[in-house]
Amino acid sequence: MTNYPDPDFEGRVRRSFALQKAMTTVGAELTSVAYGTVEIEMPFAEQLTQQHGFLHAGIISTALDSACGYAGFTTMPADASVLTIEFKVNLLAPGRGERFLFRGEVTKPGRTIIVADGRAYAMGESESKLIATMTATLMTVRGRDDVKE
Amino acid sequence: MTNYPDPDFEGRVRRSFALQKAMTTVGAELTSVAYGTVEIEMPFAEQLTQQHGFLHAGIISTALDSACGYAGFTTMPADASVLTIEFKVNLLAPGRGERFLFRGEVTKPGRTIIVADGRAYAMGESESKLIATMTATLMTVRGRDDVKE
Amino acid sequence: MTNYPDPDFEGRVRRSFALQKAMTTVGAELTSVAYGTVEIEMPFAEQLTQQHGFLHAGIISTALDSACGYAGFTTMPADASVLTIEFKVNLLAPGRGERFLFRGEVTKPGRTIIVADGRAYAMGESESKLIATMTATLMTVRGRDDVKE
Amino acid sequence: MTNYPDPDFEGRVRRSFALQKAMTTVGAELTSVAYGTVEIEMPFAEQLTQQHGFLHAGIISTALDSACGYAGFTTMPADASVLTIEFKVNLLAPGRGERFLFRGEVTKPGRTIIVADGRAYAMGESESKLIATMTATLMTVRGRDDVKE
(Lines give C-alpha, C1' and ligand atoms only; values in the text may rest on other atoms or scores of the structure.)
Protein backbone atom coordinates (compact mmCIF):
# COMPACT_ATOMS: atom_id res chain seq x y z
CA MET A 1 0.00 0.00 0.00
CA THR A 2 0.96 3.55 -0.44
CA ASN A 3 2.26 6.08 2.01
CA TYR A 4 0.13 8.90 0.75
CA PRO A 5 -0.61 11.49 3.46
CA ASP A 6 -4.27 10.98 2.58
CA PRO A 7 -5.03 7.74 0.69
CA ASP A 8 -8.39 9.24 -0.30
CA PHE A 9 -6.77 12.21 -2.02
CA GLU A 10 -8.78 11.68 -5.18
CA GLY A 11 -12.10 11.75 -3.37
CA ARG A 12 -11.04 14.80 -1.43
CA VAL A 13 -9.98 16.65 -4.60
CA ARG A 14 -13.20 15.72 -6.38
CA ARG A 15 -15.38 16.90 -3.50
CA SER A 16 -13.51 20.19 -3.24
CA PHE A 17 -13.56 20.76 -7.00
CA ALA A 18 -17.33 20.27 -6.99
CA LEU A 19 -17.55 23.17 -4.52
CA GLN A 20 -15.68 25.54 -6.87
CA LYS A 21 -18.61 27.26 -8.51
CA ALA A 22 -16.20 29.15 -10.76
CA MET A 23 -15.33 25.81 -12.39
CA THR A 24 -18.96 25.21 -13.29
CA THR A 25 -19.28 28.76 -14.58
CA VAL A 26 -16.33 28.36 -16.95
CA GLY A 27 -17.45 24.87 -17.96
CA ALA A 28 -14.40 23.09 -16.53
CA GLU A 29 -14.34 19.41 -15.67
CA LEU A 30 -11.89 17.47 -13.56
CA THR A 31 -10.67 14.78 -15.94
CA SER A 32 -7.73 13.23 -14.10
CA VAL A 33 -6.55 13.07 -10.50
CA ALA A 34 -3.27 11.32 -9.75
CA TYR A 35 -0.95 11.83 -6.82
CA GLY A 36 0.82 15.12 -7.59
CA THR A 37 -0.88 15.66 -10.96
CA VAL A 38 -4.33 16.95 -11.81
CA GLU A 39 -5.94 17.62 -15.18
CA ILE A 40 -8.88 19.84 -15.99
CA GLU A 41 -10.57 20.23 -19.37
CA MET A 42 -12.81 22.93 -20.74
CA PRO A 43 -14.51 23.52 -24.07
CA PHE A 44 -14.12 26.85 -25.79
CA ALA A 45 -17.00 29.18 -24.97
CA GLU A 46 -17.72 32.60 -26.41
CA GLN A 47 -18.65 34.02 -23.04
CA LEU A 48 -15.08 33.51 -21.80
CA THR A 49 -13.32 35.48 -24.51
CA GLN A 50 -11.28 38.66 -24.62
CA GLN A 51 -11.57 41.33 -27.29
CA HIS A 52 -10.00 39.27 -30.09
CA GLY A 53 -12.31 36.31 -29.55
CA PHE A 54 -9.71 34.12 -27.79
CA LEU A 55 -10.02 32.58 -24.36
CA HIS A 56 -9.29 35.36 -21.84
CA ALA A 57 -5.85 35.01 -20.18
CA GLY A 58 -7.59 35.24 -16.82
CA ILE A 59 -9.83 32.29 -17.62
CA ILE A 60 -6.77 30.28 -18.66
CA SER A 61 -5.30 31.28 -15.30
CA THR A 62 -8.44 30.27 -13.47
CA ALA A 63 -8.27 26.72 -14.78
CA LEU A 64 -4.49 26.51 -14.36
CA ASP A 65 -4.74 27.76 -10.79
CA SER A 66 -7.28 25.07 -9.96
CA ALA A 67 -5.17 22.40 -11.68
CA CYS A 68 -2.02 23.45 -9.80
CA GLY A 69 -3.84 23.93 -6.51
CA TYR A 70 -5.45 20.51 -6.64
CA ALA A 71 -2.18 18.89 -7.73
CA GLY A 72 -0.73 20.25 -4.50
CA PHE A 73 -3.85 19.26 -2.56
CA THR A 74 -3.35 15.58 -3.48
CA THR A 75 -0.12 15.62 -1.45
CA MET A 76 -1.64 17.13 1.70
CA PRO A 77 -3.00 15.38 4.79
CA ALA A 78 -6.74 14.82 5.10
CA ASP A 79 -7.36 17.72 7.48
CA ALA A 80 -5.50 20.36 5.46
CA SER A 81 -6.74 23.06 3.12
CA VAL A 82 -4.85 24.53 0.20
CA LEU A 83 -4.38 28.24 -0.43
CA THR A 84 -2.69 29.80 -3.46
CA ILE A 85 -0.11 32.33 -2.29
CA GLU A 86 0.88 33.52 -5.74
CA PHE A 87 1.21 32.42 -9.32
CA LYS A 88 2.81 33.54 -12.55
CA VAL A 89 1.43 32.82 -15.98
CA ASN A 90 3.18 33.09 -19.34
CA LEU A 91 0.81 33.35 -22.28
CA LEU A 92 2.58 31.62 -25.15
CA ALA A 93 -0.05 31.53 -27.85
CA PRO A 94 -3.61 32.78 -28.32
CA GLY A 95 -6.34 30.84 -26.51
CA ARG A 96 -7.79 29.58 -29.73
CA GLY A 97 -9.20 26.09 -30.02
CA GLU A 98 -12.25 23.92 -29.53
CA ARG A 99 -11.14 22.43 -26.27
CA PHE A 100 -8.45 23.11 -23.66
CA LEU A 101 -6.47 20.93 -21.31
CA PHE A 102 -4.90 22.24 -18.11
CA ARG A 103 -2.37 20.07 -16.28
CA GLY A 104 -0.97 20.91 -12.85
CA GLU A 105 2.00 19.00 -11.42
CA VAL A 106 3.79 19.29 -8.12
CA THR A 107 7.39 20.32 -8.67
CA LYS A 108 8.33 20.56 -5.01
CA PRO A 109 6.23 18.98 -2.27
CA GLY A 110 6.54 20.36 1.24
CA ARG A 111 4.97 20.47 4.65
CA THR A 112 3.96 24.15 4.44
CA ILE A 113 4.96 25.44 1.01
CA ILE A 114 4.33 23.51 -2.19
CA VAL A 115 5.33 24.59 -5.68
CA ALA A 116 3.37 23.34 -8.67
CA ASP A 117 3.80 23.96 -12.38
CA GLY A 118 0.98 24.00 -14.89
CA ARG A 119 0.61 23.81 -18.62
CA ALA A 120 -2.38 24.75 -20.75
CA TYR A 121 -2.96 23.23 -24.16
CA ALA A 122 -5.36 24.08 -26.96
CA MET A 123 -6.49 20.74 -28.32
CA GLY A 124 -7.26 20.26 -31.97
CA GLU A 125 -8.21 17.23 -33.99
CA SER A 126 -4.72 15.96 -34.56
CA GLU A 127 -2.46 17.83 -32.21
CA SER A 128 -2.34 19.94 -29.08
CA LYS A 129 -0.59 23.28 -28.72
CA LEU A 130 1.01 24.66 -25.59
CA ILE A 131 -0.67 28.03 -24.96
CA ALA A 132 0.36 28.91 -21.40
CA THR A 133 2.52 27.89 -18.46
CA MET A 134 2.05 28.62 -14.76
CA THR A 135 4.19 28.39 -11.67
CA ALA A 136 2.10 28.48 -8.49
CA THR A 137 3.15 28.66 -4.86
CA LEU A 138 0.69 26.95 -2.54
CA MET A 139 0.36 26.83 1.22
CA THR A 140 -0.96 24.03 3.38
CA VAL A 141 -3.39 25.53 5.87
CA ARG A 142 -4.69 23.85 9.00
CA GLY A 143 -6.95 25.00 11.77
CA ARG A 144 -8.46 27.98 10.03
CA ASP A 145 -12.21 28.01 10.19
CA ASP A 146 -12.69 30.01 7.02
CA VAL A 147 -10.69 27.76 4.75
CA LYS A 148 -11.93 24.22 5.04
CA GLU A 149 -12.16 21.54 2.32
CA MET B 1 -3.66 69.92 -25.94
CA THR B 2 -2.23 66.63 -25.02
CA ASN B 3 0.44 64.60 -26.70
CA TYR B 4 -1.28 61.30 -26.15
CA PRO B 5 -0.41 58.73 -28.84
CA ASP B 6 -4.16 58.35 -29.30
CA PRO B 7 -6.26 61.24 -27.94
CA ASP B 8 -9.33 58.98 -28.13
CA PHE B 9 -7.76 56.37 -25.81
CA GLU B 10 -10.82 56.29 -23.58
CA GLY B 11 -13.20 55.53 -26.42
CA ARG B 12 -10.83 52.89 -27.74
CA VAL B 13 -10.56 51.21 -24.33
CA ARG B 14 -14.31 51.28 -23.82
CA ARG B 15 -15.02 49.77 -27.22
CA SER B 16 -12.49 47.01 -26.68
CA PHE B 17 -13.70 46.29 -23.14
CA ALA B 18 -17.24 45.90 -24.50
CA LEU B 19 -15.91 43.14 -26.76
CA GLN B 20 -14.47 41.15 -23.83
CA LYS B 21 -17.32 38.75 -23.22
CA ALA B 22 -15.48 37.37 -20.21
CA MET B 23 -16.01 40.74 -18.51
CA THR B 24 -19.77 40.45 -18.95
CA THR B 25 -19.68 36.88 -17.71
CA VAL B 26 -17.92 37.85 -14.49
CA GLY B 27 -20.09 40.94 -14.07
CA ALA B 28 -17.23 43.43 -14.42
CA GLU B 29 -17.72 47.06 -15.34
CA LEU B 30 -15.21 49.61 -16.56
CA THR B 31 -15.56 52.41 -14.02
CA SER B 32 -12.60 54.66 -14.78
CA VAL B 33 -10.30 55.22 -17.77
CA ALA B 34 -7.47 57.71 -17.41
CA TYR B 35 -4.21 57.89 -19.31
CA GLY B 36 -2.12 55.07 -17.85
CA THR B 37 -4.71 54.00 -15.25
CA VAL B 38 -7.86 51.92 -15.59
CA GLU B 39 -10.34 50.77 -12.97
CA ILE B 40 -12.77 47.88 -13.13
CA GLU B 41 -15.40 46.98 -10.54
CA MET B 42 -17.27 43.77 -9.93
CA PRO B 43 -19.86 42.67 -7.38
CA PHE B 44 -19.33 39.44 -5.50
CA ALA B 45 -21.13 36.56 -7.18
CA GLU B 46 -21.51 33.01 -5.94
CA GLN B 47 -20.84 31.54 -9.34
CA LEU B 48 -17.29 32.93 -9.29
CA THR B 49 -16.17 31.31 -6.07
CA GLN B 50 -13.62 28.69 -5.12
CA GLN B 51 -14.20 25.92 -2.62
CA HIS B 52 -14.22 28.15 0.48
CA GLY B 53 -16.82 30.52 -0.94
CA PHE B 54 -14.36 33.32 -1.77
CA LEU B 55 -13.80 34.89 -5.16
CA HIS B 56 -11.62 32.47 -7.15
CA ALA B 57 -8.00 33.66 -7.53
CA GLY B 58 -8.35 33.18 -11.26
CA ILE B 59 -11.34 35.50 -11.42
CA ILE B 60 -9.39 38.12 -9.47
CA SER B 61 -6.65 37.63 -12.07
CA THR B 62 -9.10 37.96 -14.92
CA ALA B 63 -10.22 41.39 -13.78
CA LEU B 64 -6.68 42.49 -12.86
CA ASP B 65 -5.38 41.36 -16.25
CA SER B 66 -8.03 43.42 -18.02
CA ALA B 67 -7.31 46.44 -15.78
CA CYS B 68 -3.56 46.21 -16.41
CA GLY B 69 -3.96 45.46 -20.10
CA TYR B 70 -6.25 48.42 -20.68
CA ALA B 71 -4.03 50.70 -18.59
CA GLY B 72 -1.28 49.83 -21.06
CA PHE B 73 -3.66 50.18 -23.99
CA THR B 74 -4.37 53.83 -23.11
CA THR B 75 -0.73 54.61 -23.90
CA MET B 76 -0.67 52.92 -27.31
CA PRO B 77 -1.23 54.44 -30.74
CA ALA B 78 -4.64 54.14 -32.37
CA ASP B 79 -3.72 51.28 -34.69
CA ALA B 80 -2.13 49.06 -32.03
CA SER B 81 -3.45 46.05 -30.15
CA VAL B 82 -2.40 44.92 -26.72
CA LEU B 83 -1.34 41.40 -25.78
CA THR B 84 -0.49 40.16 -22.31
CA ILE B 85 2.84 38.35 -22.40
CA GLU B 86 2.80 37.26 -18.78
CA PHE B 87 1.60 38.26 -15.34
CA LYS B 88 2.20 37.39 -11.73
CA VAL B 89 -0.42 37.65 -9.01
CA ASN B 90 0.07 37.64 -5.26
CA LEU B 91 -3.04 36.71 -3.30
CA LEU B 92 -2.83 38.70 -0.08
CA ALA B 93 -6.20 38.06 1.53
CA PRO B 94 -9.29 35.99 0.78
CA GLY B 95 -11.58 37.33 -1.95
CA ARG B 96 -14.34 38.07 0.52
CA GLY B 97 -16.52 41.15 0.14
CA GLU B 98 -19.59 42.56 -1.47
CA ARG B 99 -17.79 44.40 -4.19
CA PHE B 100 -14.30 44.47 -5.68
CA LEU B 101 -12.19 47.16 -7.27
CA PHE B 102 -9.34 46.39 -9.68
CA ARG B 103 -6.91 49.14 -10.60
CA GLY B 104 -4.25 48.79 -13.27
CA GLU B 105 -1.49 51.37 -13.67
CA VAL B 106 1.35 51.67 -16.15
CA THR B 107 4.67 51.47 -14.33
CA LYS B 108 6.85 51.61 -17.42
CA PRO B 109 5.54 52.78 -20.79
CA GLY B 110 7.37 51.65 -23.88
CA ARG B 111 7.16 51.33 -27.63
CA THR B 112 7.00 47.53 -27.64
CA ILE B 113 7.01 46.33 -24.02
CA ILE B 114 4.88 47.94 -21.31
CA VAL B 115 4.82 46.97 -17.65
CA ALA B 116 1.70 47.62 -15.58
CA ASP B 117 0.96 46.95 -11.94
CA GLY B 118 -2.47 46.16 -10.57
CA ARG B 119 -4.13 46.10 -7.20
CA ALA B 120 -7.39 44.40 -6.22
CA TYR B 121 -9.46 45.61 -3.28
CA ALA B 122 -12.42 44.11 -1.47
CA MET B 123 -14.69 47.05 -0.72
CA GLY B 124 -16.76 47.20 2.41
CA GLU B 125 -19.03 49.86 3.82
CA SER B 126 -16.34 51.88 5.50
CA GLU B 127 -13.04 50.64 4.19
CA SER B 128 -11.35 48.75 1.40
CA LYS B 129 -8.89 45.92 1.82
CA LEU B 130 -6.02 45.07 -0.51
CA ILE B 131 -6.55 41.44 -1.54
CA ALA B 132 -4.17 40.97 -4.48
CA THR B 133 -1.41 42.58 -6.53
CA MET B 134 -0.40 41.92 -10.12
CA THR B 135 2.57 42.77 -12.29
CA ALA B 136 1.80 42.34 -15.98
CA THR B 137 4.06 42.55 -19.01
CA LEU B 138 2.24 43.73 -22.12
CA MET B 139 3.21 43.94 -25.75
CA THR B 140 2.13 46.43 -28.36
CA VAL B 141 1.13 44.53 -31.48
CA ARG B 142 0.64 45.99 -34.94
CA GLY B 143 -0.19 44.49 -38.27
CA ARG B 144 -1.47 41.16 -37.03
CA ASP B 145 -4.81 40.27 -38.50
CA ASP B 146 -5.90 38.09 -35.61
CA VAL B 147 -5.41 40.65 -32.87
CA LYS B 148 -7.23 43.81 -33.72
CA GLU B 149 -9.02 46.25 -31.38
CA MET C 1 6.63 53.50 22.66
CA THR C 2 6.17 51.46 19.58
CA ASN C 3 4.47 48.14 19.16
CA TYR C 4 7.07 46.75 16.85
CA PRO C 5 7.40 42.96 17.14
CA ASP C 6 11.11 43.60 17.71
CA PRO C 7 11.99 47.16 18.76
CA ASP C 8 15.60 46.44 17.83
CA PHE C 9 14.68 45.58 14.23
CA GLU C 10 17.30 47.95 12.84
CA GLY C 11 20.13 46.36 14.81
CA ARG C 12 18.92 42.91 13.85
CA VAL C 13 18.79 43.82 10.15
CA ARG C 14 22.24 45.42 10.26
CA ARG C 15 23.81 42.39 11.97
CA SER C 16 22.22 39.99 9.48
CA PHE C 17 23.17 42.13 6.49
CA ALA C 18 26.78 42.13 7.70
CA LEU C 19 26.68 38.33 7.49
CA GLN C 20 25.63 38.37 3.82
CA LYS C 21 29.00 37.97 2.17
CA ALA C 22 27.34 38.34 -1.22
CA MET C 23 26.56 41.94 -0.30
CA THR C 24 30.25 42.67 0.31
CA THR C 25 31.16 40.93 -2.94
CA VAL C 26 28.81 43.11 -4.98
CA GLY C 27 29.80 46.23 -3.04
CA ALA C 28 26.36 46.83 -1.54
CA GLU C 29 25.77 48.93 1.55
CA LEU C 30 22.75 49.14 3.77
CA THR C 31 21.86 52.83 3.67
CA SER C 32 18.45 52.98 5.34
CA VAL C 33 16.48 50.74 7.69
CA ALA C 34 12.97 51.81 8.67
CA TYR C 35 10.09 49.65 9.82
CA GLY C 36 8.84 47.96 6.64
CA THR C 37 11.32 49.69 4.31
CA VAL C 38 14.98 49.02 3.62
CA GLU C 39 17.37 50.67 1.19
CA ILE C 40 20.60 49.34 -0.22
CA GLU C 41 23.04 51.20 -2.44
CA MET C 42 25.76 49.95 -4.73
CA PRO C 43 28.23 51.62 -7.06
CA PHE C 44 28.55 50.41 -10.63
CA ALA C 45 31.37 47.89 -10.97
CA GLU C 46 32.71 46.32 -14.14
CA GLN C 47 32.96 42.89 -12.54
CA LEU C 48 29.16 42.77 -12.14
CA THR C 49 28.27 43.32 -15.78
CA GLN C 50 26.61 41.28 -18.49
CA GLN C 51 27.75 41.13 -22.09
CA HIS C 52 26.66 44.67 -23.00
CA GLY C 53 28.51 46.26 -20.09
CA PHE C 54 25.40 46.89 -17.97
CA LEU C 55 24.77 45.66 -14.45
CA HIS C 56 23.72 41.99 -14.75
CA ALA C 57 20.00 41.42 -14.14
CA GLY C 58 20.93 38.81 -11.56
CA ILE C 59 23.01 41.30 -9.60
CA ILE C 60 20.11 43.75 -9.66
CA SER C 61 17.99 40.88 -8.32
CA THR C 62 20.55 40.07 -5.64
CA ALA C 63 20.36 43.56 -4.19
CA LEU C 64 16.57 43.78 -4.62
CA ASP C 65 16.11 40.42 -2.91
CA SER C 66 18.15 41.58 0.07
CA ALA C 67 16.25 44.89 0.20
CA CYS C 68 12.86 43.13 0.08
CA GLY C 69 13.92 40.37 2.47
CA TYR C 70 15.20 42.81 5.07
CA ALA C 71 12.14 45.02 4.67
CA GLY C 72 10.12 41.97 5.67
CA PHE C 73 12.61 41.10 8.39
CA THR C 74 11.99 44.45 10.14
CA THR C 75 8.42 43.33 10.80
CA MET C 76 9.32 39.96 12.31
CA PRO C 77 9.77 39.01 15.96
CA ALA C 78 13.27 38.87 17.43
CA ASP C 79 13.59 35.09 17.24
CA ALA C 80 12.49 34.71 13.63
CA SER C 81 14.46 34.21 10.45
CA VAL C 82 13.44 35.28 6.96
CA LEU C 83 13.46 33.07 3.88
CA THR C 84 12.64 34.13 0.34
CA ILE C 85 10.09 31.75 -1.15
CA GLU C 86 10.04 33.31 -4.59
CA PHE C 87 10.43 36.58 -6.42
CA LYS C 88 9.72 38.09 -9.80
CA VAL C 89 11.76 40.83 -11.39
CA ASN C 90 10.87 43.07 -14.31
CA LEU C 91 13.85 44.67 -16.00
CA LEU C 92 12.64 48.04 -17.22
CA ALA C 93 15.82 49.71 -18.44
CA PRO C 94 19.49 48.78 -18.81
CA GLY C 95 21.52 48.71 -15.60
CA ARG C 96 23.58 51.69 -16.67
CA GLY C 97 24.68 54.30 -14.16
CA GLU C 98 27.33 55.25 -11.66
CA ARG C 99 25.37 54.23 -8.64
CA PHE C 100 22.24 52.20 -7.88
CA LEU C 101 19.57 52.38 -5.20
CA PHE C 102 17.43 49.40 -4.23
CA ARG C 103 14.37 49.97 -2.05
CA GLY C 104 12.31 47.15 -0.56
CA GLU C 105 8.94 47.82 1.06
CA VAL C 106 6.46 45.55 2.77
CA THR C 107 3.19 45.51 0.85
CA LYS C 108 1.47 42.92 3.03
CA PRO C 109 2.74 42.01 6.49
CA GLY C 110 1.77 38.65 7.93
CA ARG C 111 2.53 36.12 10.58
CA THR C 112 3.87 33.50 8.19
CA ILE C 113 3.82 34.98 4.68
CA ILE C 114 4.97 38.50 3.90
CA VAL C 115 4.90 40.18 0.51
CA ALA C 116 7.36 42.95 -0.28
CA ASP C 117 7.85 45.05 -3.38
CA GLY C 118 11.15 46.47 -4.51
CA ARG C 119 12.34 49.11 -6.92
CA ALA C 120 15.82 49.59 -8.35
CA TYR C 121 17.03 52.96 -9.57
CA ALA C 122 20.07 54.02 -11.54
CA MET C 123 21.18 57.27 -9.97
CA GLY C 124 22.72 60.03 -11.99
CA GLU C 125 23.82 63.54 -11.08
CA SER C 126 20.46 65.16 -11.44
CA GLU C 127 17.90 62.41 -11.61
CA SER C 128 17.26 58.76 -10.90
CA LYS C 129 15.78 56.26 -13.32
CA LEU C 130 13.63 53.26 -12.44
CA ILE C 131 15.42 50.23 -13.91
CA ALA C 132 13.70 47.25 -12.26
CA THR C 133 10.84 46.20 -10.01
CA MET C 134 10.52 43.12 -7.81
CA THR C 135 7.72 41.38 -5.98
CA ALA C 136 9.02 38.97 -3.36
CA THR C 137 7.19 36.46 -1.19
CA LEU C 138 8.90 35.90 2.15
CA MET C 139 8.36 33.41 4.92
CA THR C 140 8.90 33.85 8.64
CA VAL C 141 10.82 30.85 9.91
CA ARG C 142 11.23 29.83 13.52
CA GLY C 143 12.91 26.92 15.21
CA ARG C 144 15.01 25.78 12.30
CA ASP C 145 18.62 25.30 13.24
CA ASP C 146 19.98 25.95 9.78
CA VAL C 147 18.37 29.33 9.27
CA LYS C 148 19.18 31.60 12.17
CA GLU C 149 19.84 35.37 12.14
CA MET D 1 22.50 20.15 -42.34
CA THR D 2 20.45 21.99 -39.82
CA ASN D 3 18.09 24.88 -40.24
CA TYR D 4 19.33 26.75 -37.20
CA PRO D 5 18.86 30.52 -37.53
CA ASP D 6 22.58 30.78 -36.73
CA PRO D 7 24.55 27.55 -37.27
CA ASP D 8 27.36 29.04 -35.17
CA PHE D 9 25.07 29.51 -32.15
CA GLU D 10 27.52 27.78 -29.85
CA GLY D 11 30.41 30.03 -30.76
CA ARG D 12 28.18 33.08 -30.44
CA VAL D 13 26.97 32.01 -26.97
CA ARG D 14 30.52 31.25 -25.81
CA ARG D 15 31.85 34.60 -26.99
CA SER D 16 28.99 36.49 -25.32
CA PHE D 17 29.30 34.50 -22.09
CA ALA D 18 33.00 35.38 -21.96
CA LEU D 19 31.98 39.05 -21.97
CA GLN D 20 29.74 38.63 -18.89
CA LYS D 21 32.14 39.72 -16.19
CA ALA D 22 29.54 38.84 -13.57
CA MET D 23 29.98 35.18 -14.56
CA THR D 24 33.70 35.35 -13.81
CA THR D 25 33.01 37.11 -10.53
CA VAL D 26 30.65 34.37 -9.35
CA GLY D 27 32.94 31.64 -10.67
CA ALA D 28 30.48 30.33 -13.25
CA GLU D 29 31.49 28.28 -16.27
CA LEU D 30 29.57 27.49 -19.41
CA THR D 31 29.57 23.70 -19.46
CA SER D 32 27.08 22.83 -22.20
CA VAL D 33 25.60 24.65 -25.19
CA ALA D 34 23.00 22.85 -27.27
CA TYR D 35 20.29 24.33 -29.45
CA GLY D 36 17.67 25.58 -26.99
CA THR D 37 19.49 24.35 -23.87
CA VAL D 38 22.43 25.81 -21.97
CA GLU D 39 24.14 24.65 -18.79
CA ILE D 40 26.28 26.64 -16.40
CA GLU D 41 28.14 25.28 -13.38
CA MET D 42 29.53 27.03 -10.34
CA PRO D 43 31.35 25.86 -7.23
CA PHE D 44 30.12 26.98 -3.84
CA ALA D 45 31.98 30.06 -2.64
CA GLU D 46 31.74 31.77 0.73
CA GLN D 47 31.75 35.22 -0.82
CA LEU D 48 28.41 34.49 -2.53
CA THR D 49 26.45 33.59 0.58
CA GLN D 50 23.53 35.08 2.44
CA GLN D 51 23.27 35.34 6.21
CA HIS D 52 22.77 31.60 6.85
CA GLY D 53 25.82 30.61 4.84
CA PHE D 54 23.88 29.37 1.79
CA LEU D 55 24.26 30.57 -1.77
CA HIS D 56 22.38 33.88 -2.02
CA ALA D 57 19.07 33.61 -3.91
CA GLY D 58 20.21 36.47 -6.11
CA ILE D 59 23.36 34.62 -7.12
CA ILE D 60 21.26 31.57 -7.98
CA SER D 61 19.14 33.93 -10.08
CA THR D 62 22.21 35.41 -11.74
CA ALA D 63 23.35 32.02 -13.01
CA LEU D 64 19.81 30.93 -13.92
CA ASP D 65 19.21 34.17 -15.82
CA SER D 66 22.38 33.62 -17.86
CA ALA D 67 21.44 29.98 -18.50
CA CYS D 68 17.93 30.91 -19.65
CA GLY D 69 19.10 33.93 -21.62
CA TYR D 70 21.72 31.96 -23.52
CA ALA D 71 19.30 29.09 -24.11
CA GLY D 72 17.12 31.64 -25.87
CA PHE D 73 20.13 33.17 -27.61
CA THR D 74 20.94 29.85 -29.31
CA THR D 75 17.65 30.15 -31.23
CA MET D 76 18.24 33.69 -32.47
CA PRO D 77 19.70 34.85 -35.77
CA ALA D 78 23.37 35.86 -35.93
CA ASP D 79 22.74 39.61 -35.80
CA ALA D 80 20.38 39.57 -32.81
CA SER D 81 20.95 40.37 -29.16
CA VAL D 82 19.05 38.96 -26.22
CA LEU D 83 17.49 40.99 -23.42
CA THR D 84 15.76 39.61 -20.34
CA ILE D 85 12.38 41.31 -19.94
CA GLU D 86 11.48 39.62 -16.67
CA PHE D 87 11.96 36.46 -14.68
CA LYS D 88 10.46 34.68 -11.70
CA VAL D 89 12.41 32.42 -9.39
CA ASN D 90 11.09 29.92 -6.88
CA LEU D 91 13.58 28.97 -4.19
CA LEU D 92 12.81 25.37 -3.32
CA ALA D 93 15.66 24.43 -1.00
CA PRO D 94 18.65 26.16 0.59
CA GLY D 95 21.61 26.83 -1.70
CA ARG D 96 23.78 24.35 0.14
CA GLY D 97 26.26 22.16 -1.71
CA GLU D 98 29.75 21.95 -3.09
CA ARG D 99 28.78 22.62 -6.66
CA PHE D 100 25.73 23.90 -8.53
CA LEU D 101 24.31 23.23 -11.96
CA PHE D 102 22.01 25.68 -13.75
CA ARG D 103 20.13 24.52 -16.84
CA GLY D 104 18.12 26.84 -19.06
CA GLU D 105 15.78 25.49 -21.73
CA VAL D 106 13.61 27.21 -24.29
CA THR D 107 9.96 26.42 -23.65
CA LYS D 108 8.56 28.62 -26.40
CA PRO D 109 10.71 29.93 -29.23
CA GLY D 110 9.56 33.03 -31.04
CA ARG D 111 10.59 35.78 -33.38
CA THR D 112 10.38 38.55 -30.78
CA ILE D 113 9.43 36.95 -27.45
CA ILE D 114 11.03 33.76 -26.17
CA VAL D 115 10.16 31.97 -22.94
CA ALA D 116 12.77 29.82 -21.22
CA ASP D 117 12.61 27.76 -18.06
CA GLY D 118 15.54 27.09 -15.79
CA ARG D 119 16.39 24.68 -13.02
CA ALA D 120 19.16 24.96 -10.45
CA TYR D 121 20.60 21.89 -8.73
CA ALA D 122 22.93 21.48 -5.79
CA MET D 123 25.22 18.64 -6.73
CA GLY D 124 26.53 16.21 -4.17
CA GLU D 125 28.65 13.11 -4.48
CA SER D 126 25.84 10.74 -5.27
CA GLU D 127 22.84 12.83 -6.11
CA SER D 128 21.66 16.26 -7.18
CA LYS D 129 18.92 18.26 -5.52
CA LEU D 130 16.59 20.72 -7.22
CA ILE D 131 17.01 24.02 -5.37
CA ALA D 132 15.33 26.58 -7.63
CA THR D 133 13.27 27.05 -10.78
CA MET D 134 13.04 30.06 -13.08
CA THR D 135 10.74 31.18 -15.83
CA ALA D 136 12.28 33.93 -17.95
CA THR D 137 10.80 36.05 -20.72
CA LEU D 138 13.38 37.12 -23.27
CA MET D 139 13.30 39.53 -26.16
CA THR D 140 15.18 39.38 -29.43
CA VAL D 141 16.69 42.78 -30.09
CA ARG D 142 18.08 44.02 -33.37
CA GLY D 143 19.51 47.30 -34.50
CA ARG D 144 20.18 48.78 -31.07
CA ASP D 145 23.70 50.09 -30.76
CA ASP D 146 23.89 49.64 -27.01
CA VAL D 147 23.01 45.97 -26.95
CA LYS D 148 25.28 44.06 -29.26
CA GLU D 149 26.72 40.54 -28.87
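First chain written, first letter: the chains are A, B, C and D, and each begins at residue 1.
In this text, contacts are C-beta pairs under 8 Å (C-beta built on N, C-alpha and C of every residue); 3 or more make two chains touch, one makes a residue touch a chain.
On a predicted model such as this, the values are computed, not experimentally measured, just so you know.
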| item | value |
| --- | --- |
| Farthest chain (mean CA position) relative to subunit B | D |
| Pair joined by the larger number of C-beta contacts - A-C, B-C | B-C |
| Distance from subunit B to subunit A - Cα centre to Cα centre, in angstrom | 22 |
| Subunit B-subunit C separation of Cα centroids, rounded to whole Å | 29 |
| Separation of subunit A from subunit C, taking each centre as the mean of its C-alpha atoms, in whole Å | 32 |
| Junction residues of subunit A, two or more chains touched | 85-86, 88, 90, 115, 135, 137 |
| Complex contact set, residues of subunit B against subunit A | 16-17, 19-22, 24-25, 46-52, 56-59, 61-66, 81, 83-91, 94, 96, 146-149 |
| In the complex with subunit A, residue positions of subunit D that touch it | 88, 90, 92-93, 107-108, 115, 117, 130, 133, 135, 137 |
| Complex contacts: residues of subunit C adjacent to subunit A | 85-86, 88, 112-113, 115, 135, 137, 139 |
